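Two complexes follow with subunit A in common, the first pairing it with subunit B and the second with subunit C.
Here is the complex of A and B:
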């Protein structure tokens, strides 16, 4: 078989034939939904590994300490304990890994840098024994004055979170600033000279945790070749494979990653965490090693960066933005993970989707002795949008404009630049339409009841700036088809889309298309499942693979029947012959003949980055969202009742409207989480005070707005199949801004710190009553 | 550190617990501290019931105990002696129920991890209140977290099921 040529289209070409479709565009029910509903779906913790050893982690109850010694004598004496492993039992120097910096050790070496960092691991025949032994391990440590807050980390002489030798040659290595970003265009000072109104404020966005309902976990199985099979509910199986291979010094083919569908990821399950440790344990014991984290341990392994932003923003008398200046400090954790990129990519859009002549954005990723922060739905955008959107409303109030009007006057039109300078970015959608639709659906102009307020905000997030997805599609001799696509299906419903695309492109009935994913041993490469990229990248790869299959059917049909190939043509689901049209599956059957066999099509979607671009390349698309909220405030308690919440995303083309609604509602409610109730609280020892579901509250059924309405704008202008764009994050980008503005209108007081808890709202109302407000 | 030995409970003798699970009598030998959740998943071999918070806050582990919805992470196996347990597998043994179909139709099922617990809780709600109002659904289901936040979808699914069961054509 000759290899199919890579069908790379660079840059993204405009989509072909949007418009009425077969299965695409319909609310097709979720692929695998039956098993998820009946309890038959097997998540990581449900897989059975007879004879597996159970692992428990040993931690200490402070956030920063020197480890003086580990005494495992009592632990080893517990029946069933096989091994207690500390840093001393691992290779020296300690292998380190990480996405942006290779700084994270497999186990803590000499120092614990955040609360929950594993110091040792116990391996035992039973979970009871492993956990009892973990409690029996004695760790001697000396607590250090850790840098637990931005202020502590930035103070002169602050405790250094990271050993400076990890960043040799970096002058900032002697500070807690891991990376910074600076985006400047126009002349802020000159713009200020023609400015009528300047607002300057400080905003904070809390540290929050992903809280997937499925906690994390890993199972590592040694193979008889000296390699490993590793099971992890990970969003990026191929990144995990590469990380493990590199840490263990194995070729890629010796590390096979099985990725059972994550029970919720939201970015928290992208990057390797405990997998390298489990890999070492399995190789050391020559046994299968299994660890399913508790929810508390899961909290201690993933979170969103908190952020403090100082913003100065200028407006003309007409409400046109003249300049925006923001200093944003992202509170990242004890190891880099992907946090520097969150800072860099988030702050890239800190001036939003607006026409602003003068901009200066300065952002820093500040290390602290806290849980390493990582990707989390929105990837830095919700933080900066909180400050910017609130600034727009502050300006609007000063100028006597409303929140809708001021945005109308500043939002860029399609094709217009909103990031200028060396890394210009232009609007890739008719974003005004989303804004107007959100206002209309909320009833922006309707009379307002007492104690109610409305707010409207917009949010923007750059999609992936480079990427590679490869896919195989096999059309079998009976006309059914199997798709191989490495996207992790963590709830967004990726496999449903592949099924829809293949059904339309090959003419195979929907229920005869199956999807294989989650196994690096059989499924071709996919860079990652993140940044709402899969519809665009993997979707295009699947589409290409289908077209490759169609061409192969045509070629073999010609060879088998003797009809010259130039008298044949193919199109979606169909082979056209001189005698008439055949459905593609039927043509395939004829072409294959009595030997049967199958057609194998390959598709590749590649977006190369740009070396000189601060994000590593232009975004393949932008997620744009407009959110409008009406809230009723109980002035006695500070409680908020969301009477109406509207979210409108610019989706390009809805490939599956039911899934779009689910993702939009889910993101909107998640946005209410960080806006209204969620925040990780630390004590003076750097311990998470609200560690666990009892004290860390996320939205429940009772927190859903009375009316929650989602709308989509479709202009078929995305780079994905049939004009689609990614959509999974839009609805939480600007939730906070819309809610904050609504609360301000209802109460007359402006709050600049999230979350807007009843206590905070109540206190603000009280303070305002004594005369101190905007 | 407390004076009790950390591994005390490892010395606990196994106890035989006999209970009815999804209509079949089952006997399991478990230590007294074993939760019903872990017993069902590990000893009975029914992993459909999920574990998340293990402290009664998320509802992922919801099962019916003598027909009442409980968080199985808060019940000990030994407490279930002689009782009847219905898990998600039991509800699904004749294929998807009308309720489960409506979960799918409404788009309520995203990652799916919370869904077994949601389905059991919703089934209990409908058995005790066949035509719940939207507020009653929100209240009745408020112990079940969904981080994918399909809450509004689940409310629709419960409403559609109630309509189907009352003979209406939603």
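Here is the complex of A and C:
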């Protein structure tokens, strides 16, 4: 490939004076960032467990098979092998787990349902012995004609991925459709009658894997009390604790989850996968059992649902949307995980942030004999946005409008409904501002060089629809502070925000605020680190805990000094007394007196769902993003060079502008992955053909656009601290749509299948050249 | 796990390789070998690390006739060498596409050639620059043209008990030029979908080296003389020369795409090589 011109990297401009805003709003450097960049940070694989047994998984090289027998004779004979565990060694019936469907077995029972599903586990004194023994286990199996594609899964008489007995009472149990969703409003037929232009197309979005740099793994340590300490770099330690307690029949206090920082999660490390197996192995051997996954095993344990969408969209002669119909089939995997919710929540916004009078969205979660798909940054929105945004551009081309203008004419204003009907949703931001800013930053109106094209697209994603975050803040006698917050910090920098909030609210210097997380034994409950919720939920809990501390300082100050409480007041970082203002740490010191001690504040942010809402509740906020891309196409090879890529997110308030930029850039580059190069390719046996880093391509820094620009719109209108919103997913929601439109403009060819690989772009140009293209 | 042996003399290294036969693998940078070990696609009994051997040929020796390269020269050293940069621009371009900086600081040019990947980036330019290898064993040395050295995927003339101890590149004729082009699925750290090296001499005779379009890296016979300004002439030469390509379809690209890209890249490489025939260009 031709070299991209050198990017100019400008050093971030750090203001010298924090100013009256305090630490919040400043580009404070990442809490723990030094250790993470130097390599000093200890991830799961770096933790030392002397005397631990090592675990290796036994798999078979097909995606669907009946297991006829497992012969571990040769494996057991290898020196150092302690145990070879199969389904027969685990409780019967096999314990199953899952967030919405308890369908996933601890080990495969009688049947393998996807390539890489563990059939047995070897436990040995050394990793070499475990791996050699795993290769020596002989699995006798009969391959079945698995359902590896949407077409195969939906065909009459298709192989059923899930035994109907696992779905008792479900009328769809004899099909591969696990769940469906239907959202309808307005009168589509009536709207079509007043429609000038209808575009109808089929779009596909590939299966892609999360590819966290840290593959992850699990260490289970049996305790003397018959319980377990489990180490796993998960996003939801409390969910893992509950799942393990349930599968093992233990009370919660006997299962302690330590969650070292995940080295990247992106949704893939939310839900339990291999941990229940490790727990059983540890209880069975009464020894510490350790499994660190390989990258290949990580590929086989997490991915995003692929999606095929048929969309019909109508416009008036002025480019106003009249109706939008979409049928979306999400290709989920062999077990439910959280994929049905990805389908339901993603398709809820399949009509986008637009004013559309008539809408019919029908989506299905279709099981296949593939890696179970799970939550992945964007949670179903990137799929539906690819279809919708491409439809907008198809309409615009027919009407002679450009991509910016047609969006201007349809984007909802703040407070206006974009989902109508019983479960209405309205715009919670000035989204036009993001659209206009993205266009301006790209230079939308500038003349275009040859072989270049521009595209602009928007995307929305509902935030969390219920949630609970609890936090403790301890203000110590010397004015330093410790925050207990269960949010997993997997690279998004959550701890930095808690540090900033506490520093401002309690007047503690930033570097004297430390954060404790990743331990269910000491840190209060947090429901999840997902859906970009932590700033809003945990941030509010930390803020409330700080205010609780301030009130306690005031109360004790009154008691200690005899100044009546009604003559005292508190505000950020300060206690106001009749004699004047005291910094809060100083007031705390005086109040605590010679016994010292500390103040403990508690904060809770709870959002209860709504039982009758299809999402289980209204989203706490929406992530909105506008992305604009300029691309240069090599028409002879199909290679793309992104000359400029702009993302603008509606963030409410930038609590830390540096982290907003890094989250946006990370999401934008990740979005280029599924837009340009990422896809899991299966062979006829359901095996992943590009299993591993050699042939599964994600963008490198050389693939980053020549100019990557992040803008943010701040209107202080979010539900989080100081008017903030969650922001971590926005910039990948509509990358594909913007890039697709840019490529279409540059080449005159429209491509509806992702990723836009050089070969696919070349082939489309060739086809167009022969006149076979529309 | 294989045993690891780090001899200090060439004789000890060759003796160890001879004793272990098929079960031995020489180790230099390990950038291919360690991947194979990790995935158990290679399961040697003995690794013979050559980096401690003191009497192997020097990493690089320049003479009036050309350049002699020893087994321990890294790609990083290769691309920084001023004579290599002046004489073999196609090789430098190709070596700069191998892996990443970290990989190039470990990987050995000679050992990478012995790995005999059909898609090896350095193979096409080495072929068009008429590289020859010296294959040593306890019985003595023999030499072979690199084109004969590559037998098939991961197969070379270098047999059990043998070691490639040198790779020689003759000094290019005055007035010739070379260039390398390749296609990948992304810009950073990728394996070639197709690669082409081209050399054109002062009279317009073209030789091409082709990667990832056959079971081994391919070299064409010199073409009839062609004027690079004569587009139809260049096309005619390429049509003839590229007939030896027989790419397969795989996850990196279809046969059809590879054939089409081979044509595009070959032309670009020939034209770039022709531009470099001017002495001023050679110096850059």
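The rule is short, and it goes like this: the second predicted complex is superposed on the first by the 753 of 774 C-alpha atoms of A that agree within 3 Å, B and C clash if a C-alpha of one lies under 4 Å from a C-alpha of the other, contacts with A are read in each partner's own complex, and residues count from 1 in each chain.
By our rule, a contact is a pair of C-beta atoms (placed from the backbone, for glycine too) under 8 Å apart; a residue touches a chain by one contact, two chains touch by 3 or more.
This is a predicted model, so every value here is computed, not measured.
**Q** Counting only touches as set out at the top, which of subunit B and subunit C does A:213 meet: first, second, both, neither?
**A** The answer is first: A:213 touches subunit B but not subunit C.
**Q** In the superposed arrangement, which partner chain does A:492 touch: subunit B (first), subunit C (second), both, or neither?
**A** It touches subunit B, and subunit C stays clear.
**Q** By the touch definition at the top of the document, which applies to A:681: first (subunit B), second (subunit C), both, or neither?
**A** Second partner only, subunit C.
**Q** Just to be sure I read the superposition right, which of the two partners does A:38 touch: subunit B = first, subunit C = second, or both, or neither?
**A** first
**Q** Does the superposition put A:702 against subunit B (first), subunit C (second), both, or neither?
**A** Both subunit B and subunit C are touched by A:702.
**Q** In this superposition, which partner touches a larger number of subunit A residues, subunit B or subunit C?
**A** B
**Q** Identify the partner contact of A:262: answer first if only subunit B is touched, second if only subunit C is, both if each is, neither if none is.
**A** Once the two structures are laid over each other on A, A:262 reaches subunit B alone.
**Q** So, A:690: does it touch subunit B (first), subunit C (second), both, or neither?
**A** Only subunit C; A:690 stays clear of subunit B.
**Q** After superposition on the shared chain, which partner residues are touched by A:128: those of subunit B (first), subunit C (second), both, or neither?
**A** Once the two structures are laid over each other on A, A:128 reaches both partners.
**Q** Using the touch definition from the top, say if A:455 reaches subunit B (first), subunit C (second), both or neither.
**A** The answer is neither, since A:455 touches no partner chain.
**Q** What residues on subunit A does subunit C touch that subunit B touches too?
**A** Shared contact residues on subunit A (touching subunit B in one complex, subunit C in the other): 128, 135, 694, 699-702.
**Q** With touch defined as at the start, can you tell me which subunit B residues reach subunit A in the complex?
**A** Touching subunit A from subunit B are residues 6-7, 9-10, 31, 41, 46-55, 57-58, 60, 87-89, 92, 96, 100, 103-105, 107-116, 119, 137-139, 141-142, 144-155.
**Q** Across the complex, what residues on subunit A touch subunit C?
**A** 1, 3-4, 128, 135, 636-637, 639, 676-677, 681, 689-690, 694-695, 697, 699-703, 757-759, 762-763, 766
**Q** Residue numbers of subunit C touching subunit A in their complex, please.
**A** Residues 1, 40, 182-191, 193, 251-254, 257, 260-261, 264-265 of subunit C touch subunit A in their complex.
**Q** Spell out the part of subunit A that touches subunit B in their complex, as residue ranges.
**A** 27, 29-30, 32-43, 45-46, 74, 78-80, 128-129, 132-133, 135-136, 210-215, 261-266, 294-295, 490-493, 658-659, 661-663, 665-670, 692-694, 698-702, 704, 708
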